[in-house]
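Note that chain A is present in both complexes that follow, paired respectively with chain B and with chain C.
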Partner chain A sequence: MSTAFTLMLDALTKQRGVRASLVAGADDGVTIDSNMQIGQEGTRVAALAASLYRKARRSAKTAGLGATGFMQLEAEAGRLCIIGSDEIVLIVVAERDANIGLIRVEMLRATKELG
Partner chain B sequence: MIKASVEPWIEAPLKRFVDDAGVVLALLLHPTGQVQAQHGFTRAVDIMSACALAAAIHVSSAELGRQLDGKPFGGLHHAGKERQVFLAETQTQRGPYILLTVFDHESSLGLVQLYFDEFRANLAGAAPIPVAPPAVTLNEDFEKELNSNLNFLFGRA
Partner chain C sequence: MSNGPGDDVRLWSDELASDPSSLAFLPLAETLRRRGQLDLARKVAMRGLERHPHLPDAHDQLARIHADAGNLQGAYDEWAIVRNLVPGHVGAMKGMAFIRFHQGELEEAERLLLDAQAHTDDADISAAIRTVRKSGTTARVSLAMSPEVAADPRLLFADLMANELAAILLDSDGLVLAGAYYAEDGSDIAADVGATLTGVSAEALRATRHLDIGAWRAIVFETEVAVVNLSPAPAAGALGPGGLIVLVAPAATPLGLLKRLLDKCIERARSWLSSGGAT
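So, the complex of A and B:
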């Protein structure tokens, strides 16, 4: 079943080094759509990443730093990139050597298209 | 001191669920409405009401699922303005149980569902094999058993 996000997620996952891209609800962390190359862990990644982003937004706001934009988590074997709004979050799981600059631009473009 | 569970094997899986999911309240009960474990409650009367309502909602939503989809719904979620409720059934060798949990903006439906799946596996793994078939709670004994469980949880046993 395709959604309004399917084409955007397909394009993101075609980027070199991208293993998965997902759209989830910002508040509930429930997956809306996903393009996965990492098995069946999508719902877990979405729930945890959305929670992480929500807490980062609150931390930044509490610290008087304003709105949170692009967020990147570096792990031993890869990176988690998250960008979002009040309603949805876009999550990309990438390999460690992926071109994060390019992925960031694509994610920013995607969120602008989504309004 | 308020205890967490009537039977000790339930305590660790429930504590882990509460810690991981960051929920405010959690209640594990038999589908009959008998309390088995709790987190976050301070009054026996609240547990009694929550158990009765959860059991009723569970049986109603299961029937609604059967009518609409041919099988009971897997879980029920209600989002309030400040707090949300998640209710779902889990199976063990000791029979089915219902988990009722309440969470706020510190958690999310996604996290609660994620950790409920883990709780389901942990509870099934922790459940001892029953030596005899589970005893059926008779209507005339229901209140006595409910009070007995509440007294145990609230240290009045």
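So, the complex of A and C:
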């Protein structure tokens, strides 16, 4: 079943080094749509990613730093990229050597298109 | 019409291939720098400089690439060339001052900022001058074991922090162990910021375990005015796993400088914790 996000997620997952892309609720982290090669763990990761993003937004607000944009978690063998709004978060799981600059640009563009 | 950054890179590369003296090397090098492809960006910028050795923008571009790569002296030298070519170049003076500040040469940093201030009415420069002057009194506090830090752990990172930078060390509950984060009104909001980040380390650990991508190294997020870097704090002394070092810098801070500063903060925290801090 396709949703309003399906084409966008397909395009993101075609980027070199991207293993999965998901859209989840910003408040509850429940997956709305996904394009995954990482099995069921994706839904748990969406919840954790949404929670991390909420914390980032809260801390930025507390510090008076304005709206939060692109966020990435770097690990030894991969990256988790997140960007969101009040309602949804867009999440990308990528390999360590993926072109993060390009992924960031594509995620910013996708978020803009979603309004 | 280009369809994205990849297309632009291809267009600029093609233009340079057909006309090696084209100025397309400038946006090409900048795009590569922003992507973090610093070696390639440097090669493109240097090739451009061979054709345009007196072009200030080309030296400015190379300076930014050097700064991102952590080559502070190289960046300083390139900005010095810019300044020779355009004596009132405010960007070059600010860049040189920023580097001198990080090298601990506060008098020269202040002199450069005063020169820049003479050419523009920029509130950021005035704030930077105040910070450099304030830091003059704390720069001598360079050891984690100093009596000043022992008496007030908020000073732990003080000598490492330039204008509008802040660093704090949190335990796994988000409680502030050291460092300070001053809001515009002068109040220390470190505890409030720390409280919002409670549990980040545990969640990052769980996410990376689920994804099987190894230990997490950093969380970086951008805001309208800043870039915030969260890193695992060293588990040393009284601090167990799950602590965080939070570094906040202006959005325009080169990533190379941010990384360098973060490394210094981590080392400082390790030294302080190992020597009995936070007990």
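Quick note on the criterion: the second predicted complex is superposed on the first by the 115 of 115 C-alpha atoms of A that agree within 3 Å, B and C clash if a C-alpha of one lies under 4 Å from a C-alpha of the other, contacts with A are read in each partner's own complex, and residues count from 1 in each chain.
In the analysis below, contacts are C-beta pairs under 8 Å (C-beta built on N, C-alpha and C of every residue); 3 or more make two chains touch, one makes a residue touch a chain.
Note that this is a predicted model, so its numbers are computed, not measured.
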| item | value |
| --- | --- |
| Clash or fit, chain B versus chain C on superposed chain A | fit |
| Touched partner set for A:V105, first chain B, second chain C, both or neither | second |
| Touching partner for A:S34 - first (chain B), second (chain C), both, neither | neither |
| Contacts of A:A24 with chain B and chain C, given as first, second, both or neither | first |
| Touched partner set for A:S59, first chain B, second chain C, both or neither | second |
| Which of chain B and chain C A:A50 touches, first, second, both or neither | first |
| First (chain B), second (chain C), both or neither touched by A:T13 | neither |
| Which superposed partner A:F70 touches (first chain B, second chain C, both, neither) | second |
| Which of chain B and chain C A:V93 touches, first, second, both or neither | second |
| Residue contacts with chain A in the superposition, chain B compared against chain C | C |
| Contacts of A:L80 with chain B and chain C, given as first, second, both or neither | second |
| CA minimum distance (chain B, chain C), superposed complexes, angstrom | 9 |
| Intersection of chain A interface sets (partners chain B, chain C) | 44, 48, 51 |
| Chain A partner contacts - residues on chain B that touch it in the complex | 79, 105, 107-111, 113-114 |
| In the complex with chain B, residue positions of chain A that touch it | 24-25, 27-31, 43-44, 46-48, 50-51, 54 |
| List of chain A residues in touch with chain C within their complex | 38, 41, 44-45, 48-49, 51-52, 55-56, 58-60, 62-80, 93, 96, 99-102, 105 |
| Interfacial residue positions of chain C with respect to chain A in the complex | 4-6, 34-37, 181, 183-184, 189, 192-193, 195-200, 203-204, 206-208, 210-226, 228, 248 |
